[in-house]
Amino acid sequence: MKKLDRKEMAARVARDIPEGAYVNLGIGLPTLVADYLPKGKDIFLHSENGILGMGPKPPEGEQDPDLVNAGKEPVTLLTGGAFFHHADAFAMIRGRHLDFAVLGAFQVSVAGDLANWHTGAPDAIPAVGGAMDLAVGAKNVLVMMEHLTKSGESKIVERCTYPLTGARCVNRIYTDLAVIDVKPDGLHVVDMVEGLSFDELQRLTGVALKKTAIAA
Amino acid sequence: MKKLDRKEMAARVARDIPEGAYVNLGIGLPTLVADYLPKGKDIFLHSENGILGMGPKPPEGEQDPDLVNAGKEPVTLLTGGAFFHHADAFAMIRGRHLDFAVLGAFQVSVAGDLANWHTGAPDAIPAVGGAMDLAVGAKNVLVMMEHLTKSGESKIVERCTYPLTGARCVNRIYTDLAVIDVKPDGLHVVDMVEGLSFDELQRLTGVALKKTAIAA
Amino acid sequence: MIDKSVASAEAALADVPDGATVMIAGFGGAGQPVQLIEALIAQGARELTIVNNNAGNGDAGLAALIAAKRVRKILCSFPRQADSWHFDKLYRAGGIELELVPQGTLAERIRAAGAGIGAFFTPTAYGTKLAEGKETRRIGERDYVLEYPIHADYALVKADRADRWGNLVYRKSARNFNPIMASAAKCTVAQVREIVPLGALDPEVVVTPGIFVKRVVKIAASLRKAA
Amino acid sequence: MIDKSVASAEAALADVPDGATVMIAGFGGAGQPVQLIEALIAQGARELTIVNNNAGNGDAGLAALIAAKRVRKILCSFPRQADSWHFDKLYRAGGIELELVPQGTLAERIRAAGAGIGAFFTPTAYGTKLAEGKETRRIGERDYVLEYPIHADYALVKADRADRWGNLVYRKSARNFNPIMASAAKCTVAQVREIVPLGALDPEVVVTPGIFVKRVVKIAASLRKAA
């Protein structure tokens, strides 16, 4: 079994984004997805700070301090993009106009609860940003995360032990081991990395998985 | 006693609008006020359909069907004006950004209740437009109306018999006979037309007036 | 390549079903999608719920849709006008339902639908007949009425220019209800004077970003003049 | 003649009293009114409530205001950053109150203040710690949390250009919180790169109409570079 690295995970998510989709890529790992979206297809990246049609990083020396993404990194605007203010940017999110939000996570529950903003540590200073808005707003919430914590525990859990970002909001989970759909009747494995058996994935995950959705 | 005509009433209202004011002039009689605002002073006219800095009627032949006021009549835009959408136009109203709304009325009560949208007749088709928004939203609601109905009854009343546009919202009443402030302790006459005595105004009005505010 | 342009107003509205809620933008003639309304009349859908500031003028456009008895219910702020005779007649005969909404509340309810707001408290209409039966609340020193969003299946809007991604810009006070209605419908159809190449619209100036627009129809100059 | 321009950032903020609620726009460096923040630091008002997306970065600007213990409370969505050490230290010591608000709810609460909305139901944060103790309601098929507007005494915004009536246009993603904060304060002060003659701003393109702006300060190019 060969785990996907971060780039391979990003490429795997990118494969599922169809042309014409309006997409918000969360800060961190999800941002990588942009690099693997098919060139020449119109996919519209949205940023919470008022950008639709966000383009790639500018070349060194061409950064514009007035043109940054939600992670405050320099970006560009595609031909055909548009700027708007923060309330309008979140109206797009909350009003269910985004087809996909791709978010990182600490934990996802079998019910699709998402925990990605707070470890729950008593001394941690909380910060939420736009995560809660994206979790409830996007038509499809895709989570990208490593399957296991550093200590080997499954991040897919029966119930989240970390504080929730949103309840019953995750539609699909992309990990370094598998792609899993969250449905009302449970977790359906869509595909797995080469060399990984369903039984092994089930053993590592800890919560019940279904294999009916795996392509033959 | 000489009653003010409609133009004189409009000129009287215009005298009270200071430079720098943001003002919405209601459909009908209040629209006339625009003609009497001092030239050369910056007064900002707002229109519900998304205009700030509205200018006078265009000359014949220069009307633009895309540039109309809330009464759907052709207008112009002053240099320095701006366009915006309907929700933003009413955000300005409801959010208390307008200094003055000048509205027509069927009746105003001693408490400042305004009735100007519906006669209450059972067969009337109701229509409200932006009147209720202006009544609650503007910092100062100025009413312009004839003092008496055609049958000689006072339009300033103890309690409105017509359906309300807004409760306790009127600040000042301009009629063809007098200017009257609506205050928590009652109605204060500010000025009267030449040749009209306070006692005669009191007799015509029917509800208690105070004369302490009349300039010597 | 995404190209939201559609060949004709008829094609753009072919799938409107009976019973649909349709927003029609414009304020008087300004920003009114005349050719889309005509296409909706030709299309034949019945039992429509219409959202517009008015209830039709004269004999054309929305008035003709009403006269053809295709409208079950209308939400508007100002139905009664000198030339709203088709609505007046049908309303008095009990043939059309009216939900009268103050203009600012109408705009805000439409905006709320587009923005995913479940309900909001507005001071407008508190203490009046139009708040009767509605939930009210004192917040701070003002009294408010609870109002709900107005969602639509279709929004018919008129813009000046569009590009193939559906970005729209308007002209002067023809903007009015167009941008908010565009945001509040599942399927927004825009009629435009001109479809310009991608990049011809300044990104600072786009009023309705393409995310809100499904279909764009260019109306030929000859048709525009005829209307 | 109305001319909202003011000679300096210091003059524009001279009347900020202790205890004021001050919105500071910007998202990172983009659209951040740096010179106004510096003037606020110099001005000396204490016990401020600050509304910003973050809680200061590095040692300058909002971070310096916090370090000087001039901020009693901050409302923001993302206080914790790699370089938010002044806030972090003061917060852990109990020296500053934090109201953490999801970013979209923060934006909508600011917009609601400007738009005269008394409260609104948003789906964001339902079922999370940030909704604890708040009123909730199921409307249709979604669950919502009731949120209230955030009003301010002052808003410090940064625009690209202004005219003497206070009309503002922004540049690219530097727009962000600026237009909504401008609408939500009793006194909005805008720092701008340039003050242009009346009429130089296209009326279709004005993002913040002058009705929302009380004072405009042009920041000299030399100062802008130094910041």
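We just call them A, B, C and D in the order they show up, numbering each chain from 1.
As a working rule, a residue touches a chain if its C-beta (ideal position, glycine included) is under 8 Å from a C-beta of that chain, and two chains touch if they have at least 3 such contacts.
Not measured: the values here are computed from a predicted model.
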Practice problem: Name whichever of B-C and B-D has more C-beta pairs touching across its two chains. | Solution: B-C
Quiz prompt | Distance between the centres, which are taken as Cα means, of chain D and chain B, whole angstrom | solution = 35
Quiz prompt | Inter-chain centre distance, chain A versus chain D - centres from mean C-alpha coordinates, in Å | solution = 29
Exercise. Provide the C-alpha centroid distance between chain C and chain D, rounded to the nearest whole angstrom.
Key: 33
Quiz item: In chain D, what residues contact two or more other chains?
Solution: 108, 111, 115-117, 122-123, 170-172, 203-204
Quiz item: Hey, what residues on chain B touch two or more of the other chains?
Solution: 77, 83-84, 87, 90-91, 93-94, 137
Quiz item: Draw the chains as dots and join the ones that touch; what shape do you get: line, ring, star, complete or other?
Solution: other
Quiz item: Can you name every chain pair that touches?
Solution: A-C, A-D, B-C, B-D, C-D
Practice problem: Spell out the residues on chain C that touch chain B in their complex, using ranges where they run on. | Solution: 27-31, 77-81, 84, 87-88, 91-92, 98, 100-105, 107-108, 110-111, 122-130, 170-180, 207
Quiz prompt | Residues of chain A that touch chain D when the two form their complex | solution = 47-51, 64-68, 72, 77, 83-87, 89-90, 93-94, 118, 123-133, 136-137, 163-167
Self-check item: Residues of chain B that touch chain D when the two form their complex
Solution: 19-20, 22, 40-42, 44, 46, 52-53, 77, 79-84, 87, 90-98, 137
Exercise. Flag every residue of chain D that touches chain C in the complex, lowest number first.
Key: 108, 112, 115-123, 137, 139-140, 142, 144, 148, 169-172, 202-205
Self-check item: Contact set on chain D toward chain B in their complex
Solution: 1-2, 111, 113-117, 163-165, 167, 183, 198-199, 201, 203-204, 206, 209-212
